[in-house]
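Shared between the two complexes below is chain A, which pairs with chain B and chain C, respectively.
Entry: the complex of A and B
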């Protein structure tokens, strides 16, 4: 017997309602933008749980005597302020605002509220005071900079500095000035205590570490919540691969998802002549130019380069366009002292020219044919040996015989300190946050690391580093660039870059990756 | 024999003093200011002169050389190797952490290269001036000539990038050790194969071998029981002296394959002027060397009963 099944009116209405809902839903999805659908897909399940990065330097997460590495300093810790190079402004990070006191010898920082360290502890004035005291106790930057810190209230802290200088604020954006939780040491909160591991307010927290092998991080949920974004991986594994060729091979073999240059810039980078090759192989190449200029520095206190005219001959003889070919044109020839985004560079409008004819004429006029000059280069800076050889060839055309001395780091420093050299290849600037600090190191009369100081440039450098007023500082910067140019204090060669090379599976927005000059990996996702 | 061993152990002490003094003196001759290099390489900061001076005092570099040496020696005698100037960790802990990786790499390489170089060396000697000998000699020549870092990268390219069957770098699993060992064994084996061949050929030309053959002994017995046994003494000496490679020989391989061994620690510590670590490592190699030598001497007596120590029969 076949049972006849009839539907009731109520059931009929139910089916109609469901049918309408399905139809409406389908049409709604049809009206949605494609990007929105893609976004929803991404949020669901298309990313792998792990992101593996190949990096050339150990993260030194045990801290030791000198603190953690540059990478965790930017990925675990945050600073009170950050530096915006294009606007030449210090912008709030952990501090909401700040007020100068005592002519700039002290700064009162008003801290942002509701921020937590990755261990759940509140970020407050006590944590800032601890970090200042820890740095003063342990790090040369802290020793040189701080007198101490006082807690005014839970979210206000006063930091006393050794000198009344704008450089105080500039230093607060430095790598080393990350704010640590007092729980980072044992006993907790003791600046003389033993460093355990870094706990910060930044995007990541440490979960595992094996010296010289790997570091494993997990997203810090408090940071992501504060930024209003969601992490696209659960674990961030950084494998330490010191050999640059092996790093590239590891990327090609798929053992790492991406490889990155050293956060500090200038060393442990992906070979520049591999970037185009990797791009052709289908890898994504992200590149950011940084205000780090490689230069020829002179021993300007002795003959022959105590003569500005002879320095000018070198300046005019160096063909920067040829030099960048060593790097497969990946770096830019430095025709100004710093990149054009650096404050005051455009306004100063001082362009370093290559003019071998004028150089030769000047050389003949001065009768310097056959002048011998030594050039010292650090062996660890392998690329600079090639740069030195090219400069040697270029200077030969004007009658300067350059003797290249490629030296081990210690021997290089010894020759430099004893003044037993005529020229050396070195660098000025750094990543954005180091711009002013490196200006102090390279151009201030007080430092032993200086590359060029005259009465005029020394005074201007001091004014730049003292002046809190942005406009006045810019004026001094312009005058400073002009002075270095006119005195041929240094010969800019090329501007360095920061790169990240990633597999096709890696999704990341350029703006987030290079939120600061050094790469930040918080927004990376690796598609399955 | 026991008396001999005791005497040799006593002799080790002045040898180690000598090693420690020479290495300490050489480190002091290194160019550059260690305090400055330590601070700049470890902190990523370029400090003021006062900070460098303060640190120099803190680590005792302001003391006269001999005072520094005596202070260091006193600590060493009491078992305190000090702490690393760069990491602040006890030096012995650092060495202990890396020692297993070095030991694994070295012994795997040593075993493979010893076995293969013995086999290839014997074959080469037995087939002197024939095709097989030529092939083995070309192989040895290649092993000696090809730089380890280049070979390492080629192997990575083949096995990791193209075939994707072995990891390109790292430490931990059994598959991680294959490429470093292959790379290192190639050069290790090449030199040893030539040495085995030369030693065996020398023995084969001795008169006692001609006598043995004239007596009608089978060729196998002549080779293994007579020629090879005598050839083994220089071979063992040569093989054993390669213990020093435990640290120094692996530097290139460690660097290419990110192998966390003692070789890379020695290089990094030297570059950073982390003298407590460098000193301890040199002393460590010295001790290894001296102990190995002692063991070789004992082994001689076992292999060749004609060898007598201290005028008495063993």
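Entry: the complex of A and C
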């Protein structure tokens, strides 16, 4: 009996030991990072060799007026700095650190060491000098920004700018300011040379390209090595599918593994009202809010909207909560000028209200009932046509009779440029990196794409874009938001998002996908 | 053959009664009449087609909303009814304009022959060589870049391609009629060309042209709807069936009624015009053979 009992105890102890081992093993697996699991999966060869993406814009890998497309600008090239919107700070990318010189008219960048372009060439100060000279020669933004560049030593470069402005640094994080290898042109290193194809330090290198049809990339091994991650595919194929509905159909049919919004933001995106439908159909929907605000822009230099009171009526009449319902609440109603992460927005505390009663009373007081106003919208902007129709109804309720003109892009531009309109639906801001540049493009007196400029807002905008000191800049930003609010310069409608919709087979790490505001596809993999 | 227009009118209007004895024509007539009445009475039988109510968006058909609501919460029945007016008026205008232009050009070409016929014949052949809808798309694209009036653009673009069919048919008929004895007699009596054309030839060619116009109305409805579906037609917020079909495609799995009703009315109106046209042909052309 005793013997039997001791055997039972021994057995019991054995079971306990096995149980503990299993529990520890399970908890160990649970504690493993996702990347480690992924690495194991790669070893098991669970990912397909190809990842196919549907995208709405050509990648312009042969170049164009504004250089290559926005997608390769983020996936092939890297910039000296990146922008952190939440902290309103510029953070190192290819540059380790930087120092302002000549009151901010020049910046000395100290470059990171040991970085290689995808063709194996070293990234150094000569490459930065070449890129700056190339942009100065060939790019509209480079022409208006750079004076030139000087190599101080192999990893230090001084860039001279045309004006002493904070915007100089802000522009360095811009899409267009990617650093190219001097071998990207022929003869190599000649800023006046012929552009061949982009060679950068970013995650991908170009393998094949057919204009308006496809672009094929391969992982840049130097980038992956530097980041300490492994690619989950051998080839990355981007199919250019211009029509948004066709892109969705391509995803549904399995022709592509995922579809993505245009990196630029604001156009060629997956229809917002399709996101919920696609999610219900079993697709994975990833989205990130960006500081891009859709607005009603006024022709504020002519009647009736040269009157701040009439602009206020429109402002109070627009029900933003209703507008976002058109998009199944996938976007957020814009009750402030920009998203709350934008610098100074919380502190400015200017909330755009919907108050039709006050709007009606104001309309009666001003005797503007029955006022006619035209609103122009581009035919290609399907979502904005819907928004325009809803705003038309909302303004009708306060006595403003909006004539909606949906126009072909040529006719739209003609009417916009000639000032033959009263209102239009447009956007301010962009992806994070464009926050300050778009502020210049939309609110500065010297820009041609302005949506609203008054003496007060114009001066504040100029100060914001000049001021290097973060705290002072924030102060000007707050004053600027208050001024736009008080003058009802624009009517914010909703905050846009950046989306990627993928099939169930696509593994996505959200943090890597939206490392920046534009989707980055270096970490995705398609399970077999 | 009719010797004068008044003779033609008397004889042909008598035949209208016969249409009701023709089953195909009668069904077609009833369909078109129903849609036309729906369009005419739209302000009385339907609510405001522009009124958006977001709280009512994507509602399925019910007693409150017979055909359901769209993505902005607008009543689809109201938009269909008001859209009927738009579509039928457009089809009628385009067909009439095409008929007038095409018939005159065809009649001149057939009557005078020779170099005029060669020149007009080549123009007609050139138009016929290009797929009509492709040409419509191109023309609308070009016109809308220059002019913002989408209705006018559509009318011009379709008429510019549509007149050719009428011209070809009229030319053939005129060529056969102009050799008849009564025309030769009229000529011998000293009648001028325009007198002969408008008093004697065109009245005798009108029956097949009317049949063609009726059948053509169906294809014009189809073209207008197709352009609307492609976003090239009548622009929002004006209700138009093709454009409604387009706006509903994103909701085909969740709110299929947004696409179903415009699609149904496009199909049924084309069917109606085709049945009416076929019936008219049976009545008018077969009878004309006796003359």
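Just so we're on the same page, the second predicted complex is superposed on the first by the 482 of 528 C-alpha atoms of A that agree within 3 Å, B and C clash if a C-alpha of one lies under 4 Å from a C-alpha of the other, contacts with A are read in each partner's own complex, and residues count from 1 in each chain.
Everything that follows uses one rule, which is that a contact is a pair of C-beta atoms (placed from the backbone, for glycine too) under 8 Å apart; a residue touches a chain by one contact, two chains touch by 3 or more.
Bear in mind that the values here come from a model prediction, so they are computed numbers and not experimental data.
In the superposition on chain A, A:322 contacts chain C only, with no contact to chain B.
By the touch criterion defined above, A:386 reaches chain C but does not reach chain B.
In the superposition on chain A, A:211 contacts chain B only, with no contact to chain C.
By the touch criterion defined above, A:139 reaches chain B but does not reach chain C. Of the two partner chains, neither chain B nor chain C is touched by A:424.
Chain A has more of its residues touched by B than by the other of chain B and chain C.
Contacts of A:255 after superposition: chain B is touched, whereas chain C is not reached.
In the superposition on chain A, A:60 makes contact with chain B only, not with chain C. Shared-chain residue A:433: touches no atom of chain B or chain C. Judged by the touch definition given at the top, the superposed model places A:75 against neither chain B nor chain C. Shared contact residues of chain A with chain B and chain C: 245, 407-408, 410-411.
On the side of chain C, the complex with chain A involves touching residues 50-52, 54, 57, 71-72, 141, 144-148, 150, 231, 235-237, 247, 249-251, 253-254. Put simply, chain B touches chain A in their complex at residues 30-34, 36-37, 39, 41-49, 51, 84-89, 97, 149, 153, 156-157, 160-161, 164, 167-171, 255-258, 260, 264, 271, 273.
Touching chain B in their complex are the following residues of chain A: 60, 62-67, 69-70, 139-141, 143-144, 175-176, 210-213, 239-243, 245-246, 249-250, 252-255, 264, 380, 407-414, 417, 441, 446-449. Of all residues in chain A, only 245, 271, 273-274, 277, 280-281, 322, 325-326, 379, 382, 385-386, 388-390, 392-393, 404-408, 410-411, 415 touch chain C in the complex they form.
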